[in-house]
Amino acid sequence: MSEEGIVKKLMYVNRKAPYGTIYALESLEVVLIGAAFDQQVSLAFVDDGVYQLTRSQNTDGIGMKNFSPTYAALGDYDVRHIYVERESLEARGLTVEDLMPLTYEDEDDDWAEKESLRVVDSSELATLMGEQDVVLSF
Amino acid sequence: MKFGILVNEGPYQHQASDSAYQFAQAALTAGHEIYRVFFYHDGVNNGTRLTVPPQDDRNVVDRWSELAEKHDLDLVLCVAAAQRRGLLDADEAQRHGKDADNIAPGFRISGLGQLIEAAIQSDRLVTFGD
Amino acid sequence: MSLLHTVNKSPFERNSLESCLRLAEDGHAVLLIEDAAVAALNGTAHTETIKNATGRLSMYVLGPDLDARGLSRDRVIDGIEIVDYDRFVTLTCEHDSVQSWL
Amino acid sequence: MSEEGIVKKLMYVNRKAPYGTIYALESLEVVLIGAAFDQQVSLAFVDDGVYQLTRSQNTDGIGMKNFSPTYAALGDYDVRHIYVERESLEARGLTVEDLMPLTYEDEDDDWAEKESLRVVDSSELATLMGEQDVVLSF
Amino acid sequence: MKFGILVNEGPYQHQASDSAYQFAQAALTAGHEIYRVFFYHDGVNNGTRLTVPPQDDRNVVDRWSELAEKHDLDLVLCVAAAQRRGLLDADEAQRHGKDADNIAPGFRISGLGQLIEAAIQSDRLVTFGD
Amino acid sequence: MSLLHTVNKSPFERNSLESCLRLAEDGHAVLLIEDAAVAALNGTAHTETIKNATGRLSMYVLGPDLDARGLSRDRVIDGIEIVDYDRFVTLTCEHDSVQSWL
């Protein structure tokens, strides 16, 4: 499903906590559909967006669907570049240990399991954002 | 205790309607009365019968309709807010020359006075919004 | 009179909790719901402000909203009571009025 | 239209800028309808809500209806208590001179025109809010 | 230049749809092309033909329909977002056993792939939301 | 590459302008639209931050959004250019990509 050979750098920026609003869930739905288009995809989690990746989400008490397991499946959709802003984590008292492990299997390296998630500081994330052809912000 | 509940955001986009529903259920279970649930702003979108949510997710609209039937709740959509956003009952549709209506069972459309009345008549008014 | 204030947005994203704390009187209660649950945690940039608030206000957080966001109940600031929806209802009864900071 | 003689203290709290969202306009619609109910009504403008009261709003360029003239008519609806938080004004570099004059005619004083708008500091507003039976927040 | 426009909020509640409309008009006037306007999240509510806004206010939905007709615009509502929120065309209504549909002229319902495609095919994607 | 960032919320209400300024690179452009127009004024609690930003970013504000909110164009911070929708379109063309801080 590449579009006449056009390959763009496409970043999804997630800045909102899950469940309070639907943006996190519907952003994920775009990412899953978008994975079929063979673009250079990355995801960034900034500000309250980092709460989307916390472990042990349990929505039984609010009667909503827990969609957090889907993040772990992103590797199967060939989404391999997931950036989390260090400053956002720190302001919230979170570390990478509080987040779900996100990995993919590298077919060029005997299907070794590798980390998709990388914590980057603001300046590195700024550089990455500045290199994008398209930024979809949720 | 007599509660009035105000819901200011539509289904799914914001948690407001979910929180209001959980609160309403807990209040009813505890034996309290709900004088009225008033839907204002985008909250009127909770009253459409045309939603088709994913199978594995809750049905926000049906849940309200069922709670209303079970407990004889008064679910009111503000008419001015509803007209702006395309929520109509059969009467409203006819009056405005529209070829369809979309209000869900258990909801009715009425004026803002019903909100003021709920604020006055209820012991507590609790608001859920963005 | 004693009011119950509800706040539903993260203090990292919006100013509603800040305004609530500025305008709530001593002895009032504040209940953190929905995305505001994140404000109840230790170790955040807002922890100090919230801790101070527990000295003059009764502070509560809705447990189901903590759980949904994967926020461990063990990390909740001392002096903030974790409540469920039943207790939310009781809190509205125990106070004279409810103000929602939207 | 008093409800079986019940008279409550009812405050409308406005915290959002106009036009970016509809809350300011639809809050005003509640106030106008509510005026018929003979309650003890007051309005508070806090945070970005103070922008609702600026003079010379002109919406020609954004194609939306300018509803700001309606605030000046609130006196005719017997809305006489309009509070603006001083701290909110100051943080925004605004003074009462930047706001529309809001008045009512006092029938007990030979229909003298009197100010409805009063700038109050946070502590005074907190006291006023604490005295309300119902607070409607927009 | 070829533009894609993404609208994430419904009519009236947020300025997003108004800003997007003003931007689209200015782009078309300047001779640019609009590849697609995609409506996502509550943005799908811009596509209902059942709104009855006050006489003295703009009609957000009609304005889009008219712009689409004049400039042959492609206005697409995301199907998943639309189903959650109760926006249906005749086919969707029939498929899901609903007794009414509410889509406005000039809008069509399609998948999220249409958003990705717009992002790829447009020279610039401009988003309006909350 | 140079990006055009758009921000549509008041910095008094939300953190989106702050995040935009943190993550926009030197030489990028920032356009304030809708409620973010209030950030363009002199004499506010955010003026100093915005003034500093004009040193490394090209800052713009949408005039029609100033006018709607009764914000005098005379009060706009020096170094912020007031633009109309036509110029908004031109700005998107002049930059390689547009990032909306929602």
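Order of writing sets the chain letters: A, B, C, D, E and F. Residues in each chain are counted from 1.
Keep in mind that, in the parts below, a residue touches a chain if its C-beta (ideal position, glycine included) is under 8 Å from a C-beta of that chain, and two chains touch if they have at least 3 such contacts.
Fair warning: this is a prediction, and the values are worked out from it, not measured in the lab.
Novice: Looking at the contacts, which chains touch subunit B and subunit E alike?
Specialist: Touching subunit B and subunit E alike, sorted by label: A, D.
Novice: Looking at C-alpha means, what's the farthest chain from subunit F?
Specialist: Farthest from subunit F by mean C-alpha position: B.
Novice: Which chain has its C-alpha centre farthest away from the C-alpha centre of subunit D?
Specialist: A
Novice: Report, in whole Å, the distance between the mean C-alpha point of subunit B and the mean C-alpha point of subunit D.
Specialist: Here subunit B and subunit D have centroids separated by 27 Å.
Novice: Roughly how far is subunit D from subunit E, centre to centre by C-alpha average, rounded to an integer in Å?
Specialist: It comes to 35 Å between the two C-alpha centres.
Novice: List the centre-to-centre spacing of subunit B and subunit C in whole Å, with centres computed as mean CA coordinates.
Specialist: 26
Novice: Quick check: what residues of subunit B touch more than one other chain, meaning two or more?
Specialist: 12-13, 15, 19, 22, 41, 54, 80, 125, 127, 129-130
Novice: Two-or-more-chain contact residues of subunit D, please, as numbers and ranges.
Specialist: Residues 19-23, 47, 62, 64, 134, 137 of subunit D touch two or more partner chains.
Novice: Using the touch rule from the top of the page, what residues of subunit C touch 2 or more other chains?
Specialist: If we look for residues of subunit C contacting two or more partner chains, we find 8, 12-13, 15, 34-35, 64, 84-85, 97-98, 100, 102.
Novice: Name the touching chain pairs, would you?
Specialist: A-B, A-C, A-E, A-F, B-C, B-D, B-E, C-D, C-F, D-E, D-F, E-F
Novice: Sort out for me which residues of subunit E touch subunit A in the complex.
Specialist: 6, 40-41, 80-81, 111-113, 115-117, 119-121, 125, 127, 129
Novice: Can you check the complex and tell me which residues of subunit D touch subunit F?
Specialist: Those in contact with subunit F are residues 16-21, 47-48, 51, 54-62, 64, 66, 68, 91-93, 98.
Novice: Which residues of subunit C touch subunit D in the complex?
Specialist: The contact residues of subunit C facing subunit D are 1, 3, 15-16, 19, 22-25, 28, 96-102.
Novice: What part of subunit C is in contact with subunit A in the complex they form?
Specialist: Residue list for subunit C touching subunit A: 8-10, 12-13, 34-35, 38, 41-45, 47, 63-65, 67-72, 75, 84-85.
Novice: Where on subunit C does subunit F make contact in their complex?
Specialist: Contacts found on subunit C: 12-15.
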